[in-house]
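In what comes next, chain A is part of two complexes: it sits with chain B in the first one and with chain C in the second one.
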Partner chain A sequence: MRPESLLEIKNLTIGLSEEAENKTIVQGLSLSIFPKTIAALVGGSGSGKTTTGLAVLRLLPPVMDITQGEITFQGKDMLNYSIEQMRQLRGKEIAMVFQEPLYAFNPVFRIGQQMEEVLIYHCSLNKQQREQRILDLLDMVGITEPQRVAQSYPHQLSGGMRQRAMIAQAIAAEPQLIIADEPTSNLDVTLQAHIMDLFRKLKERLNLSILLITHDLGVVTHLADDIFVLSEGRVVESGPTQMILAKPQHRFTQELMETFR
Partner chain B sequence: MSKQEKSLSQFQMALRSFRKSRIGMSCAMILLLLYTMALLADFLSPYSYENEERNYSYCPPTRIHVRDAEGKWRWPFVYGVTFHFDEFHRRIYEEDNTKKYPIRFFIKGDEYKFLGFWRCRIHLVGVEEPGRFYVLGADSRGRDLWSRLLYGARISLSIGLIGVLISFSIGLLVGGIAGYYGGVLDNLIMRICEMFMMIPGFYLMLALRSAVPDTFNSLQVYFSVVVILSFIGWAGLARIIRGMSISLRERDYVLAAKTMGLSDFQIIVRHILPHTLSYSIVAIMLSIPGYILGEAALSLIGLGIQDPIPSWGNLLSEAMGIVYINFAPWILWPGFSIFITVICFNVVGDILRDAFDPLLKGERNI
Partner chain C sequence: MLLKLKGLKKYFSIKKSMWGTPKSFVRAVDEVDLTIWAGKNLSIVGESGSGKTTIARLILGLITCDSGQIFFEGNEIGHLSNKDLRPFRQQMQMVFQDPYSSLDPRFTIYEILKEATTLNRYHFQTSLAMHRRTEELLSAVQLKTDILNRYPHEFSGGERQRIAIARALMINPKLLILDEAVSSLDVLVQEQIIRLLLEIQKNFGLTYLFISHNLRVVRKISHTIAVMYKGKIVELASTQEIFRNPLHPYTQELFAAAIHYQPVKRIKDYEIPEDAVLQDTGNEHFVLQ
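On to the complex of A and B.
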């Protein structure tokens, strides 16, 4: 018997507000993430991966709407949360890591200043404690010169450094769950391995759960505990990683595996 | 390495680019000088703005002599004046060689509060009573135009800054909110903006001024003029900021900020408005002249700052008749001051705009 799930999505359906009848982006998606595990949501482009990630944070673009289903986090129905409750939850309980941190960081502020925003909002620390915490966080994600990075603007860092800084920002308020949306797609293979390694370490160290959204089955094989394969808005196959990789049932999964072999 | 690595903010880069422009820097220096003079007006001026001597009505600028009647070199001094009436009953002033008043520095004169705090009587230059020292000439009531020009600068120059500060705070916030939320709120706010922009500015100004009770004292009038001017100015800015905000809200870092739990207000202030800054700074520079001219226009027709408090506008109102300009051309000095200030603000704004434009970096040569 596995422990109670941290995040449970049941029968989630997301449609465009205007034409919700016939145009659905995600259809009847169900997935559960257990504490201290990494779940991978794998699918081709346009399959609704990112939309699902945003739906969890209730940050869907105005044209989209959750038409059906439920999302429970720590046993509570998140769809009933007020705007203020959601705001408290974002960053503090569930944080997000984006595909391209160059755009996910505000170009006009230094990395340190942006990390500080999360701390100001979610943690009650004074100025010095915050500065120390930022350096600790940057150190934790394997940045060797935290002082310099904190003082840098996003465009001054390399892609890998930026992604590490982004992860540092995501774990700043010690969330339970991190949604990582294609965190390695723009990095080269060596860096991908480094970042994946970092996720694994952070999971152990901070008791994190991670929802890894990716199109690349190769990335997740060594990392994910469970895999959910998404195709055209539906979960076509799901289960523990070993099982899926050993015996892919669905044609789409097989195709995905072909590409990475 | 250290120089290359040293990170400059957008603002620092623009400033560096601005420094390269000679015209821009000289105009900025002139503005700085004007504002310093306004700040130190009571020390720099020989008389207070109220100090009048009716016997010196429209007395021309006092000439400074270094040689006396016998041709001997002396410490700079001025002669006393006498006058007679010509055939048009105008006063013609002549120097009276028998009365000599040496020019004194740090001379005791009218009392004032230095920088608003310390009681003080020291003035930079002046002559002993009963001599009068008119640097730029006197107005109809024998008040020193130079002193009144300096005091007037306080009003005219500060109205631009305060007015722009108020209207830009409103404009930025309202525009940011309208663009960020969009939808019905955006529609509503923009229609209100358009209502303000629809009415010609000057008539709106007059209409608003007529709503201000005439029992107000000079300070209240000053602030009502500021409020009226900024009331007109915010709408245009709000429209442009709203447009920028619509495109900025789609940026990834705005979404990222949302996922971190920042409130809408924080996102607007921290992640949207700073990106409009390069535009706003230029717009601020270019719109300050509008406020200065607005005040001048109101005061010129007697609806703004009231005599005896001087402003460049009401000083200029003496120069409304061609006869007076012909007889005492120095009363045009306030107009010249307005002209210089407006030109300088426009040039600084123009060059700042280039400085903030990343595409022009390093190429511009003025």
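On to the complex of A and C.
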């Protein structure tokens, strides 16, 4: 028997607002993420996977609206949260790792400053403790020179380093859930494997749950506990990873599997 | 033999002394020998910074090499002036990684395709002939022919990459260099583009030089694979051979990452001895030793 789910999305429907022809982007999507598990949301470009990730944090662009459905986090209905409550939750309970950290980081602040911002907002630490914590976090994500990286600007780091720094920032306030949107799509395959391995280690060490959003089913086969395959805004197939790999039912899943065989 | 690189070398200076004399170098391309046969696709695989793109730019004459030779169908083109290079450049075209920045947003698709011919001084007898050519190529890349008056922003990444391929084919090149041409696309679109490229090759008699960081992607399209590391080719063999038996530790690392999605802990960077040369281990499988 599985424990109670950490995040539960039920029958989520997201549409473009009225002027834009009432197009639906996500159609009746349901998924649950359990504590200390990695779930993967897999689909092609335009399938609505990023939109789903943004909807959980209520970061949807103004033209999109949640028209139906429920999102519950730790048993509480998140759709009723006020803006202030959401602010408290982002970073502290659920954090996000974006695809291209070069754009996600602010280019005019040092990495350390941007990480400190999270700590100032969510944790009660003094200046010294914060500095120590930043170095610890950078060390935890496998950065060998935390001191130098903390003092660097985003453009001074390589793609792999930036992504590690981004992950360090995401785990800074010890969230329960991390949503990682295509965290490795812009990286070399070798780096990709290392970053995915880092996610696995962090999950063990920090008792995290992770929602991985990706177009590459192969990347998550060694990592995810559950897989949700998304096509045109609908979950076409879902289940434990082993089961999906052994017996892909839907044609779209089979197509995805063809690509990495 | 379509293209042959001999002892090709390109160093970039990263530090200069007070007087402007370079003090340290990045060995972007270091004594590279490579041969591409007509109709046999070659892939260069390696991590970012290994010198793959520099090779492509050297071949096209976008930058000049420090030493070494480039032969295109037997003619040395490595040290030609821009003017003398032009007839050779017309036979080589390139498709870039990011279709969002490689197509001019202010040009219609027709203008984009047309520009490829005017820049290369490639003349059609009549504008009707030109129009026919654009339509022929758009159907070759499986796009509708009525898109000529539309703009790049109206298309998805995969469609844009098809347009970029059509543009590269406008002047009938013999060699097409694809620099990470599918890396920014999702896996399903990657598959489609690769299938399309194989189809086009049959009909247009092209040869591809495919550059990628991902061994899995190049598997279907290449006859030969060259693995690059720090400016050197560390392994060179036919696709079947390299997949059956990757020999160099760096190739094995790429292999683990691309095929099995497993990280390999690199304790330290691989040493490449100064006097290392590519040695045949049988089956035309060359390894740097």
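Miscellaneous remarks
Just so it is clear, the second predicted complex is superposed on the first by the 257 of 261 C-alpha atoms of A that agree within 3 Å, B and C clash if a C-alpha of one lies under 4 Å from a C-alpha of the other, contacts with A are read in each partner's own complex, and residues count from 1 in each chain.
Definition applied: a contact is a pair of C-beta atoms (placed from the backbone, for glycine too) under 8 Å apart; a residue touches a chain by one contact, two chains touch by 3 or more.
Quick caveat, the model's predicted, so the values are computed rather than measured.
Aligning the two structures on chain A places chain B and chain C next to each other without any clash.
In the superposition on chain A, A:188 makes contact with chain C only, while chain B stays out of contact range. Applying the stated contact rule after C-alpha superposition, one finds that A:219 touches chain C and leaves chain B untouched. Legend: residue contacts after superposition of the two complexes on their common chain; A:122 is shown touching chain B, with no touch to chain C.
Legend: residue contacts after superposition of the two complexes on their common chain; A:106 is shown touching chain B, with no touch to chain C.
When both complexes are overlaid on chain A, the residue A:256 reaches chain C alone and has no touch with chain B. By the touch criterion stated above, A:11 is placed in contact with neither chain B nor chain C. Looking at the shared chain after the overlay, A:44 reaches chain C, while chain B stays out of its contact range.
When the two complexes are overlaid on their common chain A, residue A:91 makes contact with chain B while staying clear of chain C. Minimum C-alpha separation, chain B to chain C, in the superposed model: 8 Å. When the two complexes are laid over each other on chain A, chain A has no residue in contact with both chain B and chain C. The touching residues of chain B, counted against chain A in their complex, run 5, 7, 9-10, 182, 251-253, 255-263, 266, 270-271, 274-275, 277.
The residues of chain A lying in touch with chain C in their complex are 44-46, 159, 186, 188-194, 196-197, 215-219, 221-222, 255-256, 258-260.
Across the complex, chain C meets chain A through its residues 47-48, 156-157, 184-191, 213-216, 253-254, 256-258, 260-264.
Residues of chain A that touch chain B in their complex: 57, 59, 62, 87-92, 95-96, 98, 100, 103-110, 117-118, 121-122, 151-153, 156, 169.
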